[in-house]
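The structures considered in this document are given below.
Look for chain A in each of the two complexes below; its partner is chain B in the first and chain C in the second.
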Partner chain A sequence: MKFASLCLIFALLVSGCSKEQNFDERELHLISLEKIFGFDPIHVSDRYSGNENGKVYEGLFEFHPLKRPYELVPNLAESLPTVSEDGLTYVFKLKKGVLFHDSPCFKDGIGRELIADDVIFSLKRLADPKLSAKGWWVLDGKVAGLNEWREKHAALESSNYEEEISGLKKIDSHSFQVTLTKPFPQFQYSLAMPYTFIVAKEAVTHFGKEFLNHPVGTGPFHLEKFEQGNQIIYTKNPKFREKFYPAEGAEGDDKLGLLADAGKRIPLVDRVVVDILPETQTQWLNFQKGKADLLELKSNYERAMDKKNEVHQELKSKGIRLFTDPMLDVTFFAFNYENPILKDRRVRQAMSLAYDRAEANKLFYNNSAFEAQSVIPPGLNGYRKEFKNPYTKLDLSQARKLLADAGYPNGKGLPEITVQTRSETVARQQIEHFAKCMEKIGIKVQAGMNTWPELIKKVTTKQHQLYTMAWGADYPDAENFLGLVFCPNQSPGSNGANYCNPDFDALFRQATILQDSPERTAFYEKMNEMVAIDVPWVFGFHRTEVNVTQAWLKNFKHMEFNHTQVQYLGVDLEVKKELSKKF
Partner chain B sequence: MKQHSLWRDSWGRLYQDKWAILALAIVVVYSLTALLSFMGIIASDWAREVGGSNLPPSADHWFGTDIFGRDVLQKVIRGTRVAMSVGLATSLIAIPVGVVLGALAGYFGGWIDDLITWLYTTFSSIPNIMLLISITMILGKGLFAVYVALGATSWVTLCRLIRGEVMKHKEREYVQAASAIGGGHMRKLFRHILPNVTHIIIINTSLQFQVAIKSEVILSYLGLGVQGEPSWGTMIDDAKLELSRGVWWQLAGATLAMFIIVLAFNILGDALRDSLDPKLKGKT
Partner chain C sequence: MTKYILRRLFYMIPVLMGVSLIIFLLFNLIAGDPTAVLLGKNATARQMAELREQLGLNKSLFAQYLDVLKSAFTFDFGRSWATKQEITYMIKQGAYPSLCLTIPAFVISTVLSLLISLVVAFYRGKGIDLFIRFMCIAGMSISALAYILAFQYFFAFKMGWFEISGFEYGFPDFIPYIALPAIIWILLSLGPDVRFFRTVILDEIYQDYVRTARAKGLSEISILLKHVLRNAMIPIITYVVIQIPYLILGALLLESFFSIPGLGGITLNALNSSDFPVIKAMAILSSVIYIVFSLVSDVLYTFADPRVKLK
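And then the complex of A and B:
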């Protein structure tokens, strides 16, 4: 009897695990590789939170999902802004008839139309000193009167959003004007970033501290369920405005079938289920079982591809496709210039010369990454393919010589150096590899493992000797990378190396007010190569993004700025039904 | 009739238990391995590259190589040093604290007992792993922090056991006899009672040892433990990414090493209890 009941329990358990798949509903299954911060755009500083926010909220602009190089296209705005001749005044027009999601925060629970006041409110919110928005840097010092407003309100009890700001002026219900303090051509890019997504004032007031969990946007999806650390479910927004799949793409997109849905109304799916799975092994197993339609591989590429970077036969037979695309990013080990030993350029150059990039590429990126020569990645103006940094090659004898010149022959006299990194398996292995390389010239290196907030805190409070990180582009302009070594951006800003070079800074100030032009590109190239020689970082890699998709996922194309991508993705239910037998 | 001391009797009982002797031998082998590794005689060049990346086990490298081409067997041996040192250091911290506090609480009773009982119940109400993580966060990561963290969390059981035992003993005739001839509190407690509860310390230590080893592995797996040196925990952490590629030897090496020593300590702990405290034999 006991045995029989045990069997029954077991049978129930097993049957409970295998849920029947639904082949009638167009449902996307995605994986978020990290936990989500929440749904308040002004604090969304990481890619994964950005992706989730981008399903619910929208910005004035977005990047074209297919065209490359990246092209800024209007989203909530009707067109690109008109810019005055002096490059200071931008006039924006909004689309008409864009509705916010239905929510109890509105009168009768029905979402109202988006107007210019919402945009001004959202931008002021980003500047509100009481909220300490993580994205404040995108507006800091750029909009006339905004810094003054911020400083004034920092001392007051609460911020007054009604107070007019000279640089943010409403023209009529659907248009407004922004005046900048100095020409800054990248300004419009910042209006495609999650920080500047438009929120409704009613929602912010109504939900108060809980706003983070109750997003009310204009985007293609509603938030149906949000379980931090587990799962997020979205349903299609039935009142989403008429928005269509693009009819044009980059060269070759046609052949890849990326234009098959041209002209169709988006979003193409009814539901999106996002599982939050920070463990790589779990991510992979879920994808392998067909429970996820798309997966970005961060490491361990060998699971999916062979040495020639082609997808394994076994996966191919299930229709699984592999995408490897260069990213706009750079990995680095940044030195802290406040450390007297590391301030010595010869020590930095020696460490750079001792780092075996070829081996690291093989071990961690399956040889798919590009060795970085300086800060700007390929694909952006300012990157020169011919430029080779003399300190990024592997040259142990020169490294030893430089180290001896600096007064540390064979590393004697140097204390043990700690490299701060994230507490994660591959991050640890990368430091182990770095340490192994440095040991060859007598430098002892150990790893400092941190949670992400701990790491950020150490860097922003300058409590580090070296730290390692990767920087991904916020917008497709080299200014975004060169800013990482611009002196005024020192910690707690993004210049965690606390690198200061007056010549570089002077060029940076000149270049960044220019519109995209050969003149500006020349400036960027000069700056990029100037930094390279100074070695404020041991330059790492420009990585490639590796994605695997199931055969039934339609319209996937690598997007560096992919917050809005999900609305363009589709599911081929016929193919899914057919192939699901193989899983 | 020949007279035997109690210790010798116990040893006699232990000696007859073949499993216990095998377990003891294993513990001795592990300790020697750890000691030799500590002295730099074996596995001192574990960081050396001996072959290609992730080579499977072969005659040259019994447990294969890891991602950087280092010999996994050497790493396992080096990991033994970390594991055993953690067990030892934890015991060295936990035993004095547990014994002294337990003895004071049991002997004096009253407010001293209340205070100490409050202290250890508070400690035991916090989930162990949480406490470990917070202590390593405060002390910074590394072997020293692991020692302190585990030492600070593992004295509770011993303290409770000693307290109960001392309570029982303090009413016994031999203690009263000691009082009668003018023995002070400290003399009665440390000279008379404690030697009679030593067996509890021994049994508890052998069980505590393996708990400490397991905890170290968990902490290192979570990235909070040993830094810059192989530990079974970090090896298992590495292996979680390698498994899907069919690289199983690092996981096998680390878990096998851990399995054997933990099992040995468990068997030894049981056998010690049986031999040192014959009244308990057969009871669980």
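And then the complex of A and C:
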């Protein structure tokens, strides 16, 4: 009897505590596919942590939420900077009246106004050798005097933020000047990245090492709850400055209803709940149950779309929408140029010709990806749609001929080649498919499975023959992709192929100091096509991002750099109430 | 007994030194370069060298090992290299959800398994015994992942009886979230537990003292509960207590699929990011818990069988 009573109490507790949906508050429910690494912007290198930081912090600039190609627009800055003729000096003006969140770190707990000192402090933090910021690379060698300041303080007990740096000068309370060591037009993009989000000195000092759990920014939301592996909740910042939903967008945005909220004050929701769900089944079930408004699908696309890449009828009846948009990324199998066999261009070209990309696209991306012809993805200057790499087509006879010319007829004399990859099911399947393709020209390939640190170690210490990876854009400029094959960036840098081509390097040096112009685009195109022929990688794909949204989610449009996107999203409570019956 | 306990606790010192040495050697010989992972895809050689210096990886191996030993004995593990969070806080935050899930599931599965084992021992060789043994083997033959995927889909998503995922701190808020994973844990444990307990009980049932008890006219139930179960307690205690450290360390798969922020995922994440302070903390914590609970099982033997003396 007692046991039965206990069971009954347990059942009541289980059923009684289930949460009901809230239809009175404009609340967004999102899913983060990965764990969040805290709220210190200088350490935010992954997209998911960047998105969370972008809810509480802001940068000087952001990317327009609707316009494409991506357009940099002022955020905390009043306008885009004025740049000197030599491209070295940038003058920035800040918006007035921007307030930090209320926090005990400030006098009387009231957030104060953002000033130029905060920006200079935040940039110095990024350079502080004691903090080992992941984002240091965005300023490394670029701002006059900053590297010297960093080097000097590396040897000292603590860093002196009061010490002036020639390249970072305050002009008045709301304006400052940055002097670069050499022209670097991409510098402005750095100021839209999470690394350079602005923090308050008082917060950093007050919270010390716990600062990463107590963010104090100027952003549209306050952090209400942060459970690292579980859930993050934000509430609307009541003191958020007057910021409005854009009145202009890309062509066709109006018809899609993306301008319906034009001119409305943002953020459009009062609360944001982010559940951290790393497992795909859990993400999908929560979305289908209506517990998430938006979901990015990383795999198992067939759950949402059919072979024509259209949303399944059953989901359509619930109002669920599917978005497939090209990403600014590239996947590749990189050769190691320090391997004497793979240094032979004919071997690399033969392997590229034997790789069946159409089959790989079907198997791994539901035919939604674009075959890469070189390193630059579509959507960036330097990508030419008409350009077809002669070594990315499937041509086994030419591959065999090249292999024979290299002295390995039908692969004879070639040792087994190991492709290093991550210990993941899909990664192994991709290598198995690659091995099957290579077998057709007599090359034996095996998979080297590694944890992420092991893989990185092999690549950075040049202990690999081939490895697979993907690269996503840090900012919308082809320089970010071409740098992957720039000789000075070879291992342990981002050029894991250790590709060195003096002609390419000379062009790279010339092009990357130019402002965006037809001249620079021509340089980028030339470099992109030069690399394509050299085949330092077996070029893979430019993938598409697949998102599904509930019918009640308003204003969603794919954004590659979406750290500030949430403030533009809205929820139609009437539609939600109506459709929730179907879930 | 006090002397015995103190001596066993003293043994913890060489064990911890050994564990620290093994983890240290494994990390230095096998694991990837933490600096490349920690600094991300744009790391430069110089930045990596600076970070190596800051993390103390440029010190002599002996000096690094001394640091590991120090943290093992002071339980001051510092901060995670990857998340920058304080490790003690991470463990505390993770232990609560893990224990909320594993303790009730473990207690219920153990009690249930014992009851079922007594029943099958009572009906040994009969239909019910065969049926339960068959069910145990069938249950054990199916992967834990299959149970998780199927139960989450049918009972949480389709039927809506349970939460699909998540966790709330505090009682009774966490109950809806741990109910389904706890049921899966119980089902997964029943097979091996029942088979083990049944074997132990049957070993006792054929002993001479049982025949004597029967000859004295005691009922079969009384023999099972008062005599057989008591005498079978030593292997049962060993089996049960030795599982307790694993409860604290969490249930990796269940926590991952049900998004319970327990300790299971902490070690895995640390391994994936070469986060040595966390790996070290979790390994040392596991060793200490293991040593403590093996001592607890020794002490419990004396209660189960007064003939056992701890010297």
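Throughout what follows, the second predicted complex is superposed on the first by the 547 of 583 C-alpha atoms of A that agree within 3 Å, B and C clash if a C-alpha of one lies under 4 Å from a C-alpha of the other, contacts with A are read in each partner's own complex, and residues count from 1 in each chain.
Simple rule for what comes next: a residue touches a chain if its C-beta (ideal position, glycine included) is under 8 Å from a C-beta of that chain, and two chains touch if they have at least 3 such contacts.
Note that the coordinates shown come from a computational prediction; the quantities given were computed from them, not determined experimentally.
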Go through the superposed model and pick first if A:363 touches only chain B, second if only chain C, both, or neither.
first
Partner chain in contact with A:513 - chain B first, chain C second, else both or neither
neither
A:432 in the overlay: touching chain B, chain C, both, or neither? Say first, second, both or neither.
first
May I ask you to decide whether A:303 touches chain B, chain C, both, or neither, giving the answer as first, second, both or neither?
first
Quick one: is A:470 in contact with chain B, with chain C, with both, or with neither? Answer first, second, both or neither.
neither
Considering only touches as defined above, state whether A:522 meets chain B (first), chain C (second), both or neither.
neither
Of the two partners chain B and chain C, which one touches more residues belonging to chain A?
C
Touching A:247, do we find chain B (first), chain C (second), both, or neither?
neither
So, does A:281 touch the first partner chain B, the second partner chain C, both, or neither?
both
Look at A:110 in the shared chain and tell me whether it touches chain B only, chain C only, both, or neither; answer first, second, both or neither.
neither
Same chain A residues contacting chain B and chain C, which ones?
279, 281
Per the touch rule, the chain A residues reaching chain C in their complex are 10, 13-15, 17-19, 35, 37-38, 40, 43, 45-46, 129-130, 132, 134, 136-137, 140, 154, 209, 212-213, 227-231, 275-279, 281-282, 285-286, 288-289, 291, 450-457, 460-461, 471, 474, 492-494
List the residues on chain B that touch chain A in their complex, please.
47, 53, 67-68, 141, 222-224, 227-228, 234, 237-238, 240-245
With touch defined as at the start, can you tell me which chain A residues reach chain B in the complex?
279-281, 284, 299-300, 302-303, 362-363, 423-426, 428-429, 432-433, 435-436, 439, 446-449
Touching residues on chain C, where the partner in the complex is chain A:
31-34, 36-45, 47-48, 50-51, 54, 79, 82-86, 90, 93-94, 97, 149, 152-153, 156-157, 161-167, 169, 172-173, 175-176, 179, 256-261, 265, 269, 271-274
